[in-house]
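The letters A, B, C and D name the chains in turn, as written, and every chain counts its residues from 1.
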Amino acid sequence: MAVELPDLKINIGALRLNNPVMTASGTFGYGKEFASLVNLHRLGAIIVKGISLLPRPGNPPPRLAETACGMLNAIGLENVGLEKFLSDKLPFLLGIDTPLIVNILGDTLEDYQQLAARLDEEEKVAALEVNISCPNVKHGGVAFGTDPDMAYNVTKGVRQHFSRPVIVKLSPNVTDIVMIAGAVEEAGADAVSLINTVLGMAIDIEFCRPKLANIFGGLSGPAIKPIALRMVWQVADAVAIPVIGIGGISTPEDAVEFMLAGASAVQVGTANFINPKATEEIIQGLETYLTEKNMASVQELIGRARRT
Amino acid sequence: MQIYQQKAEILRTEKFTGDIYRFSLKAPDIAAEARPGQFVMVRTGEGMDPLLRRPFSVHQVAEGGLVQILFKIVGRGTQLLSRMQSGKYLDVLGPLGQGFTNGENNQHFLVGGGIGIAPLLFLAKQLLKRNEPSAIKVLLGARTEDEIGILAEDFGSMGLEVLSATEDGSLGQKGLVTDLLVPINETRATVYGCGPYPMLRVVAGICHTKGWGCQVSLETIMACGLAACLGCTVLRSDLKGYVHVCKDGPVFNADEVAWL
Amino acid sequence: MAVELPDLKINIGALRLNNPVMTASGTFGYGKEFASLVNLHRLGAIIVKGISLLPRPGNPPPRLAETACGMLNAIGLENVGLEKFLSDKLPFLLGIDTPLIVNILGDTLEDYQQLAARLDEEEKVAALEVNISCPNVKHGGVAFGTDPDMAYNVTKGVRQHFSRPVIVKLSPNVTDIVMIAGAVEEAGADAVSLINTVLGMAIDIEFCRPKLANIFGGLSGPAIKPIALRMVWQVADAVAIPVIGIGGISTPEDAVEFMLAGASAVQVGTANFINPKATEEIIQGLETYLTEKNMASVQELIGRARRT
Amino acid sequence: MQIYQQKAEILRTEKFTGDIYRFSLKAPDIAAEARPGQFVMVRTGEGMDPLLRRPFSVHQVAEGGLVQILFKIVGRGTQLLSRMQSGKYLDVLGPLGQGFTNGENNQHFLVGGGIGIAPLLFLAKQLLKRNEPSAIKVLLGARTEDEIGILAEDFGSMGLEVLSATEDGSLGQKGLVTDLLVPINETRATVYGCGPYPMLRVVAGICHTKGWGCQVSLETIMACGLAACLGCTVLRSDLKGYVHVCKDGPVFNADEVAWL
């Protein structure tokens, strides 16, 4: 008797994924870095390091600090820039039979629009993920993602210049993430992903100074999972578009939690550093969990804990 | 280059004085690929705290798929590691980064400070394949004999001349390892340096003055070791951008990086 | 030769403490619970469980869930109420030669004012700590602490009815904690303490439901330390009144970090559960740190990492 | 009541079948104070993850200041604990809570389900001080023999009658421990129940029907064990408020709490 494997396929708007497990931007390089450790073809989607129009050198070191069950990073959005991404990084990804999602960031609305327009020309780019946790240089450096109007405008701009799905990635450093999610939904986002890192810091008590040259950094890893899960729950309650859960996901059980809370898919971030095979193990574990629970499709998980 | 994530059995643990440990790990894939100066990333426990892997140079590879690391307890991760017993398994990722390259020059000086001596044994073996023992000298420095005593013997038994300097004079000359380098008169030489940043800066300066080749192995805090997190930066010598220690290094030509 | 011990004394406005280590509200009961484990006379101050006008039964169970390096609680502000506090709990505390700070909470502005007025009559109450993370029932349940105007009004109300120092305890679940801190300073607070717990949740994947009956709960413990430290740094930069650091403090090193970031004192919360002797060990450890660093007074630590 | 936080040396570890372990800890202060039904809070490791202490009933106290705990691996904390070896120290807090009280009735039934048998050995010893062995019966239930086999023998060697029920029939009657309780005809009896909530609910129901005294030991998730966090609540029988398991319990009269 043939045993039916559960169906892991999910859709994020028009985006069809073989399974709901993606790599979080900035934690998986441009894919190639993990080629000898992970079967890239097996992933739900690959999301690459955030790309800006021009290359960015990033922040001075130290850029990293470890914290309890977490880490702080102040990479400063170092990246090779759009052109070099297209010429040096994209060719390798063309050979990988997995949807590619490009994470974009900018200093201004126009930056985002230009990135969207240029990436729209590349068929391989299945979707964009718009990082709105960046400071808006024309608005005194307030992050796009902390103001509903700015979040609306960025989303709208990208939406108008990109024909395939647009995912907007939300910042957790806000009083009311539901309000921001609502704004980007209204602006035409096909999905939201959350959360980006939580602003934090650490101090070196020997040298009496912040551990990061940038003083502040983004907290990620298992420590932030409860915060991320809460926000996913709140947003999934409030918007009609799919929600992608991110934050501390390290095991299949973590991924299940996010899907039960209402996420249609998940991203694995910091866990890639600790266990480069995390994504594959999570995909495998999801299958096992569904089998044990006698569920035919991973879609049955989505929001299930909110219905009981 | 192939990178492996292996559950490596701890076959042997040795404790030296000065809180220094040597672990022999069964990691055949990594052993087969590793080159001197490369490193591995090791999980120090199973839990989520401490979260990150810790980088250690490949100290040696040996018959039977063995990879050795030599480490000093400096914090929580190395503390946990030191308590592991043989028979247990460590999650090891490697080999990673760019190692030392065989200098073109006829004289080779291996300069190690403190636990920085870790990768030099492997390097010495490699250099001996292409060079006479007399062309290779080992200069070791430490606070006190404890930290380098055993290793000094290991180099000695390979037929290499070893010069030592300790801050308390307990082994070799009293002073810094860089003091040993200054008086050497060679026109063409390559220095391979490994140790604390201030020592490497002095080594780089001396080599610059003498016109010698200089390769240094740098340390930074690392999250991934895979060129993915972009956290392990050091400033480039042109001051205009950064190199990444886990990918472009850990071994650099001294003139690639800024010495601040 | 007599070795000079470093001086641990600090002031929070008019409040003089023998050392900067207090117990965080809700994690130390009413003091008596720890009497056989900690020398209560040795503490900088004792802050008791939050008191409301009337007793509160709190939330249904389960109220607790463990997370990575942290825990979630949804106690629901269970407490014995003002009268029973005065009759049953205060007498024991009168016998303890350590400043007593009472943490207060309410549903309305009037609640806070009444609490302040009644507690002003009790000389033993050296200061009030005003928990503004509670929902304002007259404002659709929005937490007082997430709106600068409401935070201002609560503070002002308490200020007018209490003659000794008023500490306002800030919620981290906001976009801009500096703005809230500024508002309460303007309203006459003598100090701010931060942070209260971070809103989070956890899901039981066996039973497919939130682990807490209340769904959401407050995240505390080492996991939140980087967030707390960042907020302390930001607030200390912006206000002139003393800042009291709270969040994941478990060791002397943690306490030093908060003081270097700008805190004049610290509170130990969740750590009391894991190591009931944590407060005493932290006091001892601060002394050791200062001695090693050749500092004569703990005051030298305050904000030191911000000056280099 | 005095509570102690002690670094208790693990003097002996025993592994039983069914992932059950018994640790003997040197904790003289706690041993001197503890009464049957009380518990201790134990740190399962040194790190911050898992963060919270874990509650375990005092299984027995013995000569020489020994406190024993009997536990089953059910998650990460108990897993970590099970790997500890004798000679190591555990951070133990206790004794905590309200234990069993000696029932007024002439017949005593100790009813344990699964790992819930842990505190009953201590209780039996205590009851034997004031009662004839014939007045005490022990009813044990489990999924399979593994979980209670050894303990059944311990009770037997104290001269107590032991009735067992296992779901798979591998020891005693096939079925639930509560099945053993139903047919018993006594007019005045006290039941001391310890085990999973569904079992205790049935036990409480049976006792209520028969008019017997019933004391149950409840479990909840706990953060402090000290009545400080207020997290360990269960609903009161009047449905109007809560009791706290760590302070008002863990042993309650069955009619104090709501059975949902």
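Definition applied: contacts are C-beta pairs under 8 Å (C-beta built on N, C-alpha and C of every residue); 3 or more make two chains touch, one makes a residue touch a chain.
Keep in mind that what you see is a predicted model, and the values were worked out from it rather than measured.
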Pair of chains joined by more contacts [C-beta pairs], C-D or B-C: C-D
Length of the line joining the C-alpha centres of subunit B and subunit D, rounded to whole Å: 54
Distance between the centres, which are taken as Cα means, of subunit C and subunit B, whole angstrom: 47
Centroid spacing, where centroids are CA-atom means, of subunit A and subunit B in whole angstrom: 36
Numbers and ranges of subunit C residues touching at least 2 other chains: 67-70, 221-222
Per-residue overlap in subunit B, given as positions that touch at least 2 other chains: 48-50
Topology of the chain contact graph, where touching chains are joined (line, ring, star, complete, other): complete
Residues on subunit D engaged by subunit C in the complex (per definition of touch): 1-5, 43, 48-53, 91, 93, 220-224, 226-235, 240-242
Contact footprint of subunit C on subunit B as seen in their complex: 48-49
Residue numbers on subunit A that touch subunit B, as the complex places them: 26-29, 33-34, 36-37, 49, 57-58, 60-71, 73, 75, 78, 221-222, 250, 270, 272-277
Residues of subunit C defined as touching subunit A within the complex: 67-70, 72, 146, 173-175, 198-203, 205, 208-210, 215-216, 219, 221-227, 229-230, 233, 248, 253, 256-257, 260-261, 289, 304-305, 308
Residues of subunit A touching subunit D in the complex: 68-69, 222
